[in-house]
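One structure, as structure tokens, below. Some questions next.
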Amino acid sequence: MQEVTTEKKEFTPNIVAFCCNWCSYAGADLAGSSRLTYPANVKIIRVPCSCRVNPMFVLKAFQQGADGVILCGCHPGDCHYVTGNYYTRRRMALLFSFLNYMGIEKERTRVEWVSAAEGARFSAVMNDFVKTVTELGENKRLTDLRVKEGE
Amino acid sequence: MTKEERIENLNRLSGTDVRKCMKCGKCSGRCPAFKEMDIKPHQFVTMLGKGKIDELLESKAIWNCLSCMACVERCPRGVAPAAVIEAVRDTVVRMQGNNGIKAEDIPPIVDELIPQQLLVSAYRKYNK
Amino acid sequence: MKDVEMKMKERAKQLLESGEVARVVGWKKGDFCYDPSPATFETVEELDNFVYDYFCGANLSKYLIQISKKEGKTAVFLKPCDTYSFNQLVKEHRINRENVYVIAVECMAKFDIEKIKEKGVSQITGVEVKDKDVKVSSLYGETTLYKPEILLTKCETCQKTHQVKDEEIILHERPERDVDRFAEVKKLEAMTEDERFAFWKEQLSKCIRCNACRNVCPACSCVKCVFDNPASGVAAKANDSEFEEKLFHVIRAFHVAGRCTDCGECSRVCPQHIPLHLLNRKFIKDIDGLYGEFQAGEEAEGKTPLTSYTEGDAEPNDVLNGEAK
Amino acid sequence: MKISYYPGCTLRTKAKDLDVTARLCAKALGVEMEEIENWQCCGAVYKMGTDEIATKLSAVRALDYAKHNGGKLLTLCSACHNVIKRANEDMKTNEDIRFRANNYLKLDEPYQGETEVLHYLEMLKNVVGFDKIKKMTVKPLNRKIGAYYGCLLLRPSGVMAFDNPENPTIIEDFIRAIGGTPVVYPFRNECCGAYVSLKNSDLPKKKSEKVLSSAKEKGAEEVITACPLCLYNLQVNGGGILPVKYFTELLAEALGVQA
Amino acid sequence: MQRIGVFICWCGSNIAATVDVQKVAEVMKSEPGVVYSADYQYMCSENGQQLIKQAIKEHNLTGIVVGSCSPRMHEATFRKTAEAAGLNPYMVEIANIREHCSWIHKDMDEATEKAIILVRTAIAKVKLNAPLMAGESPVVKRALVIGGGIAGIQAALDIADAGFEVDIVEKNATIGGRMAQLDKTFPTLDCSACILTPKMVDCAQHEKIDILSYSEVEEVKGFVGNFSVKIRRKARYVDETKCTGCKICMEKCPSKKGLNSFNMDLNTRPAIHIPFAQAIPNVAVIDPEQCIKLKTGKCGICQKFCGAGAIDYEQKDTFIEREYGAIVVATGYKPINLDAFNEYGYNDNKDVITSLELERLMNAAGPTNGVLLRPSDGEHPKVITFIQCVGSRDSSGCGKPYCSKICCMYTAKHAMLIREKYPDTEVHVFYIDVRTPGKNYDEFYRRAVEQYGVDYIKGMVGKVYNENGKLMVQGSNLIDNEQITIESDLVVLAAAIEPEPSVRKVATLLTASIDTNNFLTESHAKLRPVESPTAGVYLAGVCQGPKDIPETVSQASACAAKVIGLLAKDKLKTNPCVAIPDESMCNGCSQCANVCAYGAITYENKEFRLGGGKTEIRRVACVNPAVCQGCGACTVTCPSGAMDLKGFSSKQIMSEVEAICKK
């Protein structure tokens, strides 16, 4: 008897995290220096302020195969650039609500405020987001098949 | 019920976060019934925080609290000692046979003048 | 409606003759009775072709971006909804307000020729309106249609009033309309994610990327569009994938968010009949709900919802989870 | 004008004076107090336990009735005012209590704290106006009068929002309006101890005497209150230091209204 | 042709223990565009940097990627390294493979794979980097100090002593602030006026210091090095240049019933007055609310008697505009209003006073000439009770949630001084905690207890009431678990302090951020405690948080050091990562200016060629690179994508996204 085993590869989502330089990126640094782990499939892009994140970057990430996109910035009121994250908050509230309106799963997008002192929070946020997106599964609705097929 | 559950019940019933107390004693400084309280208002808060509920349930103070809210009104930390006292009293009263006032006690003390609300409130406060 | 047209023509003539304006922007007759098109009239003679009827749905304000730069004053006829776009463009310094003389004209709602055709009436030669009855004459005779059924989508829920006027030509009282313009959006919101995804997938797969929506949109008036700019990273002439269909419409809707006056021109001109206004209205509904009622183009000055904020704005995650206050 | 009115149990029996004088004065001042239908006793004490629902239902019933009858509910007895106002706040802000109370009551439309609870004194101040009372006073009371607020009108101030809990002025303003001289004394907002007087007469005695002696020391000739319970306690346990009356009795006297 | 060099750091075992650094360096060798790839134990060391410099020169590198610790750590280091080797410093990108990789992952394969992706991402970005040059902006060599209390005075003196011009803007008629009202200072008990007034005089006499008293800041434009400030000089109805400070006007003024705010309203002063004897400038001011002449047009007595002819009833507010390179905010504090604390009877009893009022009652220049007499009847109080934390540490909404920090010490001071001067006086202090960190502070407090016998009672007061002419202070004694009532003659409340309310306006004008308690926020709580996040704005004294005099003076001097460091430069290097508009695509719609927190964007009309010999004039955005801070808010607002950010361009970020997502 020959046993046929189909190897089931566990799904690990691809997560893009945009972090502002002054709070969240520093918070991620603190998570690192405190050795607070989170999955390796989270990759961080440093931006000066969360308000630098253009919706096009978010869409591009999904197109290129990201399964989840998270934006992190200073807590409202603490923005290094005074008001930047207030604009982020409005833009992303509207954009993510809109993507959901088009049928994109609401769990795929998230905005979190993480200060430079919140290493533990950064790690917790990432762990939670990865868990949520893992449960959700692969991004099939907002991705470019051409990019995926070219693997 | 385990002791932990009873403590948690008391906390929940009181609706007060005893950890906010900074132990300044303003509640006891203001209490008009202080001298009649075997356990003082601030102690209700700290003792609940420490889980010393057996002593609280035994206290005589729960029958002497005037429910005047002076302790609640002036607490700088938004703690409500009176709510803790009431939660303890309710816990006691809700146990069988612990009614604070019995029907047969009433007729001898009732006089011409006693307003209804005194009887009604006493029943509501002290009886199950 | 004829009386309004007469009056407008008369006024245009006066303005041109007296030299008060160098040109008049209005509508001219097309090949058929139902396809008048926007036009500039520089002489009294040209006014022979001037028309204003139930098919003059086009929004003239966007044309003023270029025309208002020309020498001399331009008079323009604006319907209520057009004035919002006009104001928004003034706010964005795109229209030179001093060079424009705005004549507010009544609207009474416009007709959608496609909807008339759907009713089985073709080769039409004219319409006559009496209350809610529309007598449509065609080469094949006369048919009476129910007015609310043949209106342009944008007119169905229109509550707009003139926001700008230097003078007005209004001869009739406008019929009251009381329809929830967000009804369709709410319907979509009530669907499951899967259903919404299927709905938009079907709709957007029709998109042939003709850019008609972009070209007609008064808010989409960039000197150079990101989708035409190879440096932007998103430039494309055609939708090569399902993703690009979405990308174009998401980005377009986001770019006009807070600036879109809900003039409905996008849906009017879409040759594929994609209900594009439902994209913009989602933004408008969210903005109204989250940041307070806002109507772009109501003011010719001030900030838009996306260029302002309050300290207590709703959190994006709460908005997604329906927990925003 | 008409206003929905909740008399409460004691005003129907032992404190008729309070009720009758209040109605007559209100009428004289152009306010008709319309007693709400089928009211039930409020329970005379507000229960703070977070699981207390049943003890709030009679208050909510009265509030819901008033919601459909003018939107305002007038109270007179301090205890009723305290219980109803606090229950109303719960219905407005406490989701859990609101949900469960509505679940019990099965109203056509859930009650969410829409009614405005108005004490008779607040009505005099904000609806009638002390100026008007001053003008209508036919017999100014040229006496030194101490206002006794007690606890129930003032505390907890966050909910009651009646007056400054440590330095209230509304009854003093009232006394001025009826031509009297208000006497401010430190124990006017201290508890008289009435709630425990069934079980313990010592404490209420001490507290009542303190209140009245404090008022006397500052020169008061009499003390007025809005609370039947306080009135009883101060009269019975106060050692007869000063006479105690309902504020409405003095109002009737000043307005020349005969009971 | 791009020639990229890749340098992978081991960071000892910090990276190398979890990331196969050699493998990463090896893989990078075959990345397109990479011509050199190496690994080394400590890239930031002298030798590591040498390796980079050498590689840049030998391989003619056009850009480098360092895979190492966080860029927040060593980006500046490696930029300098590159610059030293002749490469533009902005052609350097860091891949953070320590904090974001080796330190948080345990599995070597996983961490190595992630490190490879991170380095690739940095390569993708660096390929799109462009050489950037930090711009320069000139520095105006003059500083503005807002507030003339001890903080402002100290900062101004230090800056002026370094040779720079300083203006002090003070809203009151004299400088001196709160410290001028104090009697003695802790922990040394020296007389406040004796140490303050010489500094005030120094300010007045310093050739570099200009005191603009009775003035307020109205408008602030510009940016670090180049602020332009409009100052309102309020009408004082006295010509400052003519008044000699002879005080004859004060004697003759018939309207003498104004409350003396310098003495905390404990006595009165004339409508025309000099706030106190040592005021600087020693010039009178007229209170227009109180002056008979200004109110009714009749009187004019002071004018008649003024030998110098300094009185001018017609005087109006005037405005001056000045340029500054740096601004110090030192707006100070005030005690909170006690209306919400009527249980202490402050509003009802004259003999319930605040600590600041006690300072005046004990001050030799105060209303009682330094003899402690109670305000109600002028008698000596025999029993004095102090109540601590009145409105401090109060999260109920009535007071302030923070500790006011100075009360424990000044109360110990008051208690001690009273017991020293009037040994027959009984002094009680109700406290929640006694907080005395600081050099010689706890010793000071213990002296009050041990040497002077002050009675400290752990507990809070519930009620203060008047009974038979005595103040009854009823409170708890928690140590003995009892409720006590102390019959007192005087009750002193340690009222919480809060920032002077005018700080809100100042903060708005300066775009300096402010917290929920109205304290100005510092740039970094530990490492940049005197700098506001707004460049060129510095914070001194209680406007930043509660603090005592020694701390205030230290902070003021620290501010001065920062200001001197700034003004010593002729030019400031500006961050080159700023927004840049593409004029050919700009709509001129003003949306970007609407979101710019710095006012860095302006518009101008420019002529563009259209082809065919035609031209058109279009309104386009211009960014002032010296003002732009580089947040990027404008880039997302721009629908046409005309606005981009140098160093973080859309293309760069998109290439990073692509590099990360591609598997």
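All chains are identified by letter, namely A, B, C, D and E, in their written order; residue positions are counted from 1 within each chain.
Just so it is clear, a residue touches a chain if its C-beta (ideal position, glycine included) is under 8 Å from a C-beta of that chain, and two chains touch if they have at least 3 such contacts.
Keep in mind the model is a prediction, meaning the values are calculated, not measured.
The minimum number of touch steps separating subunit B from subunit C is 2. More inter-chain C-beta contacts link the pair C-E than the other of D-E and C-E. Averaging Cα coordinates per chain places subunit B and subunit E 47 Å apart. Once the centre of each chain is set as its mean CA position, subunit A and subunit C turn out to be 37 Å apart. Subunit B and subunit D, compared by their mean Cα positions, are separated by 24 Å. If each chain is reduced to the centroid of its CA atoms, subunit A and subunit D end up 58 Å from each other.
Counting partner chains per residue, subunit D shows two or more touched chains at residues 165, 190. Counting partner chains per residue, subunit C has residues 226, 232-233, 306-307 touching two or more of them.
Shared interface positions of subunit B, i.e. residues touching 2 or more other chains, are given as 70. Touching chain pairs in this entry, ordered by label, are A-C, A-E, B-D, B-E, C-E, D-E.
Those residues of subunit A that touch subunit E in the shared complex are 14, 16, 21, 25-26, 28-29, 31-33, 35-38, 40, 43-49, 51-57, 60-61, 64-66, 77-78, 80-84, 87, 91, 123, 147, 151. Only residues 343, 389, 393-399, 432, 458-463, 474-478, 481, 483 of subunit E touch subunit B when the two sit together in their complex.
Across the interface of their complex, subunit A is touched by residues 70-73, 96, 98-101, 103-107, 110-111, 113-114, 117-118, 121, 511, 513, 533-534, 577, 595, 597, 629-633, 635-637, 645, 648, 650, 653-654, 656-658, 660-663 of subunit E.
Against subunit E, the residues of subunit B that register as touching in their complex are 20, 22-31, 34-35, 40, 42-43, 70, 74-78. The residues of subunit B lying in touch with subunit D in their complex are 12-15, 32-33, 36, 63-70, 72-73, 80, 82-83, 86-87, 90, 100-101, 106, 109, 113-122, 124-126.
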